[in-house]
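Right after this note come the structures.
Shared between the two complexes below is subunit A, which has subunit B as its partner in the first and subunit C in the second.
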Partner chain A sequence: MDISLNYEKLLLGILQFIIIIALAPFFAGLIHKLKQNFRGQKGINMFQFYFNFGKLLRKGVVLSDEASYISIISPYIILSVYLIVLGMMPAFYIYSLFSRLSDIIVIVYTLGAGVFFLTLYSLDQGSPFGGLGGEREWFFTMLSEPSLIFIFITLAIYSRKGMLVSIFDFIQKNALGGHFSIAIPFILLISLFILGLSENARIPIDNPETHLELTMIHEAIILEASGKYLGIFEYSSYIKLSIFLTLMSLIIFPYIAYTPIDIPLALGLYIFKMAMFCFMISIVESLNPKMRLFRAPNLLSIAFIISLIAMILSIRGV
Partner chain B sequence: MVRLAELFSVLILISAVLNAGSPFIKFGIKLYSFQSLMLALYTLMVALYSNTSALYLSFLFIILFKVVIIPYFLFNTLKRVEIKREIDLALGIPESVLFAGSLTLLSNIIAERVIKTTVTFGSLIFTISLATFLIGAMLMITRKTLFSQIIGFLTIDNAIFLAGNSFTHGMPLLVEFGVLFDLLAAVLILSLIIIHIKKSSLKTGLRS
Partner chain C sequence: MTASNSVDFQGEPIGRENLLETVAGVKHEGVYLLGIFAIDNGDGSFEIKYFFGPEKNSSTVKALSILASIDFPSISGIMPAAKIYEREIMDMFGLFPLNHPDLKPLMLFPENWDGTVHPLKKDWDKTIPEFKKYGEYPYKKAHGNGVFEIPVGPVHAGIIEPGHFRFSMRGEPVLQLEIRHFWKHRGIEKLCEGKTVSEALKIVSRISGDNSAGISLAYLEASEKILGIEIPIRAKFIRVILAEIERLWNHVRDIGYIFMDMGYTPKAQAMFVLEEDILRLNKFVASHRYMFDALQLGGVASASDIDINKTGAIRGVLKSAGEKLKKAEWYILNSPSVTDRIELAGKINKKTAEELSLCGICARASGLRRDSRIEMPYLLYGETVQVSQKTFEEGDILARTRIRIMEAFESINIIQNLLAWLPESGEDLIPKDCAEGVPVSSGWAIGNTETPRGNAFFYIKTGEDGNIERLKYIDPSFRNWPSIQYGILGGIIADFPLVNKSMNLSYAGNDL
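Let's look at the complex of A and B:
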């Protein structure tokens, strides 16, 4: 596949980038709304998270006296890390903005850099909860990162390509002709779903809504954040959710536009698939209790072995 | 059709791995039922592929016995002895899941060396059935309650069925019936033993 850019591709890539970023809080709000409807509550406005973000941006920042320059730079670094990874995803148009950058190893370790700065931030302000949250975050990342690498390597081995864009190009071309395995995307989807729940602090692993000391993982890290920085952290967590949902939607049923004419249909399908995954996540979150912290390795080890099985399948060339 | 058969066979392996990853007995029985359903659908695929009429009958009997009757008996027994989960495991949950994964890798290596001839849906089926067999044996060894050991035994049986169907285009119908009835009798006797152990509370090293 040719990934050299011209002006038209670049323009459409920027358009796609802006649309995905703008949609990210909508999906988080949709999950929240669906969960509240399951509980029998009326629920928030689906666009509530945009208002929250706007409100937080207007507020001032309070930093502790212990804080060093890490606290000032790391919100921007985390936001830019997730923006770069989201910019690599060919969500509905194949020539994504950072398509020439989208090597699979780069994606995994860029996400790792995000976690690194998140935990540095948690330690920097000297709060007792920050260290606790950072420790738990590393615990889960350490368990889930091997499976993420295996998922990408499975796709790379099966399609014999190294770039994310070329992998999904391969999958789409072969899936339409019926030459693509059903088993590999299906079990990758199971594994990726578990990873998405764990990485985005969703319910069986962590509860994003409470500030209870026993349960909080992600919330404990950003407990000290306020004002603009809190807004940036929340927005980057929506973008991270969007990254995982986009990957799932690309694996299960890729429909990516190659020409500008196909874009409206592809965009509609993209939003539909994302809404379906939001629905699934809200069902899982409503029906399951939160796990004990030390039962989480059970779930994550299952995700790891499932992606290992997928890798064996791809090596055998099903 | 070949793609669907692959999906079903992989799901058999995955349900065995999930069985190794959960200490809950009710969930284990449900997973066994799901695994047998996948085995039945796989048999249907082989029947459609090779056009063997005996395999359609085998499909129906698998659904009748393995998906409905045996889980029903197991659930009934479970209701009477009232245990919910495995209490002390010989091997922890993450360890046994990782062990199941390494058994899969091992059987992949063995299958690549052993199988040179073509099997119905590729030599992948041999990998999957061998891995499922080994995981079932692991369940029988590492679990301490009799229920999980029965589930391990039934998993081994499913693996043998899978291998038999893919190597031979189906065993003779009489043999399959014999195996199914044997299985049913074994499950009935084992349920009686479970209830007996529960009642007499013998210190046999086994738990109900």
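Let's look at the complex of A and C:
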């Protein structure tokens, strides 16, 4: 894969970056809408989350008296962290904007930086629920991060590449051509799906729709946020959801364009795959109640074991 | 008039030095506390009345009273359930309970109310003290390494009623919970003083909107006893049918909330759809979604007469309710992810339930056989309508939810039977003498009914002119709220919303 830069790659990379950012609220809204339809409700407009974001941007900000500069910079840091990671994803065009940055270790720890500032923000407001949410967020991140690292390491061993872009380049060119087993990516998908639910505050780990302060995790952290900061937090969570969905869509069936002509088909497939995963998540969320807090580690251990098995299998493949 | 709900009462107040001994004897007989309240005699002395639930195999309520002027002996050492009643008397009448273990204001907050003003005294001139800070409410503190406090409410993240919950925690486990309610005191007892009996009915039926029929029935039990009104048989049938429809919709909604709070929204939505169906049925049958003003002194309003159309509508809703509740029951008992969430959480031990004199679902889930429909039968209960006692020993969320489902099924059965046996239409709904003008009579009486949440207790005393001199209402929520502090012990804070919803106590009924 030729990673040298030219104007065409840069422009198309920027285009892909803008498109996947712009699509992020749509997928979050789609899950919400599908869930409502499963319940027999009419449901929101699929573009409702864009209107919500616009409304929040226009509103004023109320900050706690206890708040320090952390509360002011954290929303921007968290947004940029997730933007950078999303920018590394070769969602439908191989030369993603930050493709040369997309080292697997960088991805895991950039996501970690996001959690760090999110929990710092939760403590900074001096709200009792913030501390509660931050504590739980660390608890689950601590349990899910090893699995995430293993997933990326497995992909790296499997393809003998260290860059995310090269890994999916390899999978698309070789694995789908039948030269390598595609079992390993499929095993990873199970693990990644569980992590996706956990990291994005979905049922059965957390409930994104709840109004009960005491059971919240992600919502408790941003309970004190208001106005444009709340809008930024919400958008960051949509982008984080997109990151995980994009990773899954790339693992299950990478169809990545190398030339501008392929882009429309690849983009169409990308949206289709993402919508399918949204559908899956909404089904899982409709069929399961939220777990007890201390039962959730069992689920995350399963994710860890699965990714461990995948890693062992991939080593044998070498 | 039914012979039930009668009172075993020594007319004269007993000496206060004999009180503790008498209460200990009463407790030994196995009765529980129904309520304690004070009455201002107007001459500087106060009568404090104690009501105890019936003994086994008897429907007689036991009553005691003492006279007090400045202080009175606390019985909370013998009956811990008395604590909140005695704190209420301290706030409202300024009488000091001696040897009380927890002397904090209950309803009047030192943060905005002058503690020397006692609004239920007859000599209060109804001037509200200046709105400023008079003192500080002393919360219970927990100390230790890594112990922290989480204050929740009274303003919540959702649109619910105000209540303050203060958790002392170490990590997720809860070490201690202190509740502080009464943020929206409306002064209903004071408001009813001087009103006629039918005027007060309008007020009490709106105390807690979702138990309107149950609470109004308790009020009517008491007031009709004073006035000596005989209720026509057809009106009795309709009253019981309305009360059971109310029980059904309360239980359906509460089961829905259990699903809602565990994040199982599709099942919750199914219950909420059913709830809405029943509310629309209420509108059709009783011309109000919450059955306000459906019950009248002496009978029922003519708008809530049940004719052939209404019978059909009720049967239709009952049929779909039965089917949907069957499905909900299946999920609660057979879906591991649902059962796991509610089993063993929020456990209230039988001993705790006994000492706090719990009533309703909370008592029955903890193994206490308490149901006013059986213990102190009124209207058709105990005769035409036989209610079977349902209890569980576990005392957890699962037990409370299962009792709700079983009672909902039973309500469906009761309504179906009563519809089949309903006397011919054309009979009176209100006695003739009552329809022309409400009779006037002075005296006092109590009324007990089983609302969907538990026993509702009314004490009414009318003066010479027939107007109300003292009205006391004790809501099942008032009795049951303290038990939530014990239900969460040993659990984690993330389970608290489910514990709370499984009991589903009212804030409005609690805070008159």
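As a working rule, the second predicted complex is superposed on the first by the 316 of 318 C-alpha atoms of A that agree within 3 Å, B and C clash if a C-alpha of one lies under 4 Å from a C-alpha of the other, contacts with A are read in each partner's own complex, and residues count from 1 in each chain.
As a convention for this text, contacts are C-beta pairs under 8 Å (C-beta built on N, C-alpha and C of every residue); 3 or more make two chains touch, one makes a residue touch a chain.
Everything numeric here is computed off the predicted structure, so don't read it as measured data.
> Between subunit B and subunit C, positioned on subunit A by superposition, is the outcome a clash or a fit?
With subunit A aligned, subunit B clears subunit C, so fit.
> A:R292 in the overlay: touching subunit B, subunit C, both, or neither? Say first, second, both or neither.
In the superposition, A:R292 contacts subunit C only.
> Between subunit B and subunit C, which one contacts more residues of subunit A in the superposed model?
Tallying touched residues of subunit A, the top partner is C.
> In the superposed arrangement, which partner chain does A:F186 touch: subunit B (first), subunit C (second), both, or neither?
Touch status of A:F186: first partner only.
> One more residue to check, A:L313. First (subunit B), second (subunit C), both or neither?
The answer is first: A:L313 touches subunit B but not subunit C.
> In the overlaid three-chain picture, which partner chain does A:I302 touch, first (subunit B) or second (subunit C), both, or neither?
In the superposed model, A:I302 contacts subunit B only, not subunit C.
> Can A:N207 be said to touch subunit B (first), subunit C (second), both, or neither?
second
> Once both structures are overlaid, what angle do subunit B and subunit C make about subunit A, taking C-alpha centres and a multiple of 10 degrees?
80
> After superposing the two complexes on chain A, what is the shortest C-alpha distance between subunit B and subunit C, in Å?
So the smallest C-alpha to C-alpha spacing between these two chains is 7 Å.
> Where on subunit A does subunit C make contact in their complex?
Residues 35, 38-41, 128-129, 131-132, 135, 203-204, 207, 209-216, 219, 223, 286, 288-295.
> Can you tell me which positions in subunit A touch subunit B when the two form their complex?
Touching subunit B from subunit A are residues 178, 181-183, 186-187, 190, 297-298, 301-302, 304-306, 308-309, 312-313, 316, 318.
> Which residues, counting only subunit C, touch subunit A once they are in their complex?
Touching subunit A from subunit C are residues 148-152, 156-159, 171-172, 259, 261-266, 269-270, 273, 337-338, 340-341, 345, 492-497.
> Would you mind writing out the residues of subunit B in touch with subunit A in their complex?
By the definition above, subunit B touches subunit A via 3-4, 6-7, 10, 13-14, 17-18, 21-22, 93-94, 97-98, 100-101, 104-105, 108, 122-124, 127.
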